[in-house]
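Below you'll find the structure I mean.
Naming follows writing order (A, B and C), and every chain is counted from residue 1.
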């Protein structure tokens, strides 16, 4: 870090390099969007997909493309960005390489809230269930982080992971107990519990859009604060950062992002863990760039995983939550094994 | 060992005598509690059988209806709570002491999650049930334990790396499990979910015998294991001197712990947190100076017995044992994390 | 400290001795005695003939079986259900007051309470595919299965018609001393409903129906071969669509993805009534539902899915469906 400060010319070169680097990432994302709109269990020829998009073709095909695949793709974009940004802020905030909305047990909290809601109020559409998910996610985040952060050394990787695993276990066993006692809820919620983009249409996106918008925009402006925090509390406050207030605001943004994402498509783990590390590998330690890259790379990972899940098995789709989980666990293990990468 | 204690002389000797007496007393009391809870779980239920009749009925003496209720319905369950509890308690304390961390329990090390994935796959994909299902769970648990050990091994086993790798592998296993449950036909999903919560009532006499045989083997090899454990716990200095042998001992102890927890999981499903709670609670009973694998095992039995009694009788309808232990375990973890943090802050 | 180890060994073996001794106890079910003239006999769903020296009086039945036995005048001493009785669509209208309930969660039956009642007969449906009686399927807790140790388990077989299922229970009820008049009377009411249903199909011919159960992003279509009531509907003149490619590993359904939910175009959609209206809401949320003509035209109703066990329920459902069929526009689908 100090070397970049000492040598301004290389810093300039690096900055333009980093800006250019966003371009291929954005291109990949564009290609994935096109594939996502074109690919599905219903066979629609590429030419017809285009026709459907501009609005002149067989009605049923147009419905599938425009009202089912488009919202699914758009939700993947915002959820991917939200999870990646949430993970980035969480890692900077906790100065903790393993901080991730999934590892923290937010998923399980949200799932329990939805399941409990279904038990009390009976079957409900996704548009109603999302509010329970939102509340549960926020609650779990606060509880887990508070428990892990007690003490002088704060939320260390291990304490955070353990508190998260404990929350997951607790919420998981309650969720299962409720689902076992209520077969209707089991039937309706077992897919949501895994984390899926399929079956999410425009109403979900529209209802949650304000939260995503506020959360993502706010997150993009947290770079400076995160950079200062990474210098350590003492240095940061000498440089004029009001530590406690900053932490509080950052934390609220994380809750907003992760709550909305979990509400939209169920618990999806590891996006918030993998993407910030990947971004950091590309950009170096400047959080402003990490955030910018996360905004693009998060959707790339989520949408890519979703597409993979659609073609993986011949018979049925694999929900995106499972694909990301299977991809993410090895990354988590690698991070743990090789401390070098872990240092923030 | 004496060399370590030598400077303090006679005080140390008296101290050790005291703590040995406390150990003996604890083991006796815990055993009595296990037996008492065993009888209680024979007695209570929708039909209450007087204690004396219950014990007699265990040996086939008494009215037909009573003998049926005791022998066919309650004995297996009561025995399972005690024996599986011992297995989990011993397994948990081995993990915790070898890895030197109170939170190093099979729940976090991925073993239970791996057993769960294998069982769910067998149930959902193969329609397997009963004894064979337990076999799959056993294989899944052992394979996961081996995988975690392999991944975490990097010039020796560092405790935190072991736990974190375990959490990672566990997350992988759970995401596969939840997918299996999600794509399963409804009745399979229900059976799989029910298995995944874990309940003492699922144990069959056949499986219980397997657990029993394992515990006998364990009891025979106990002194040897205890010696290995003490050698490891003497600290890093002598252990490093012994080098490869310490690593081998660690492997053996972790292997024994993994087999125990896998068999226990095969018998009753992944009942959460019993293994994690047993050792520390036994330590509280024993006081700060002594540790005992046996006391931890007995404490595991007590925990599982109490949890199963609650699960069966606390609510209007019986629930699965795993729900009760899950509810107890999570606050405990929070407490451990907070109190550990307090200690470091104070010190 | 070998002393400690010895204590361990002794203790553990003591616990073992008790447990293993207990487990090894006699557990064989009593075989049917070869007495010359049994007072009671019944050909059960599993094909075997069960006999007893006395007519069973203390019956414990699965709730659906209990409902049909009670329609014919035989009241069990206890019942068990696989979900909360109040919420089960198939148990609406049944009056179980005064009957002990020994289970309302799948796989959990209070066998000790059952033993206390000293039953002489256990009743549940026989499932030919699973080769098990209700309550004894794979995955049920071992302690719950011990119910079978208390008395013989019998029941009518699930098969290709609800009528044969009900008749199986009529035979059982008759063997247990039910009034033949009462049985004949419910049969007559039911036969009138069948005649009405057939008449509706003749009056408005060509109505095609699709039995579905949408869940999550799936559009599951019931395969009539595995749904006895749908086979009955076909017999009585309704064109229930048979899906082309049932799921290979679970042929009860053909599961389409929502994207392809417009593949079959019936005149009338039948929703699985066990999770209605939730399943209808799920379909309504999916934009593809606008492309299913019958749904868009509002030609939907429910069908009694896999639960009918009594002539009373069946007659009521057939009468309701007959009205729906008469009001259906047969030109909506393809």
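Everything that follows uses one rule, which is that a contact is a pair of C-beta atoms (placed from the backbone, for glycine too) under 8 Å apart; a residue touches a chain by one contact, two chains touch by 3 or more.
For each chain, UniProt lists the protein as follows: A, B = Iron ABC transporter permease.
Fair warning: this is a prediction, and the values are worked out from it, not measured in the lab.
**Q** Name the chain whose C-alpha centroid is most distant from the C-alpha centroid of chain B.
**A** Here the answer is chain C, farthest from chain B.
**Q** Contact counts by the stated rule: is the higher one at B-C or A-C?
**A** Of B-C and A-C, more C-beta pairs in contact link B-C.
**Q** Centroid of chain A to centroid of chain B, CA atoms only: how many Å?
**A** 35
**Q** If you average the CA atoms of chain B and of chain C, how many Å lie between those two points?
**A** One centre to the other, that is 39 Å.
**Q** What whole-Å value do you get for the distance between chain A and chain C if each is reduced to the mean of its CA atoms?
**A** One centre to the other, that is 43 Å.
**Q** By the touch rule stated above, which residues of chain C touch at least two different other chains?
**A** 105-106 - these are the residues of chain C that touch more than one other chain.
**Q** Counting only residues that touch at least 2 other chains, which ones in chain A make the list?
**A** 180-181, 183, 187, 191, 316, in rising order.
**Q** Identify all positions of chain B at which a residue touches two or more other chains, and write them in rising order.
**A** 190, 194, 317
**Q** Inside the complex, what are the residues of chain C that reach chain A?
**A** So the residues of chain C touching chain A come out as 83-84, 87, 105-106, 215-217, 248, 255, 257-260, 262, 275, 277-278, 281-282, 285-288, 290-291.
**Q** Under the definition above, what is the set of chain B residues touching chain C in their complex?
**A** Where chain B meets chain C, its residues are 23, 27, 31, 34, 38, 45-47, 58-60, 65, 67-77, 79, 82-83, 86, 123, 127, 129-130, 185, 187, 190-191, 194-195, 199, 201-205, 208-209, 212, 215-216, 218-220, 222-223, 226, 292-294, 297-298, 317-318.
**Q** Considering only the defined contacts, which chain B positions touch chain A in the complex?
**A** Of all residues in chain B, those touching chain A are 103, 107-108, 151-152, 154, 160-161, 163-165, 167-172, 174-176, 178-179, 181-183, 186, 189-190, 193-194, 196-197, 272-273, 317, 319-320, 322-323, 325-327, 329-330, 333-334, 337-338, 340-342, 344-345.
**Q** Can you list the chain A residues touching chain C in their complex?
**A** 40-42, 59-60, 63-64, 67-69, 122-123, 125-126, 180-184, 187-188, 191-192, 196, 198-199, 201, 203, 315-317
**Q** Please name which positions on chain C make contact with chain B in the complex.
**A** Residues in contact with chain B: 1-2, 4-5, 7-9, 11-13, 15-16, 18-27, 102, 104-108, 110-113, 115-116, 118, 137-139, 141-144, 146, 149-150, 249-250, 252.
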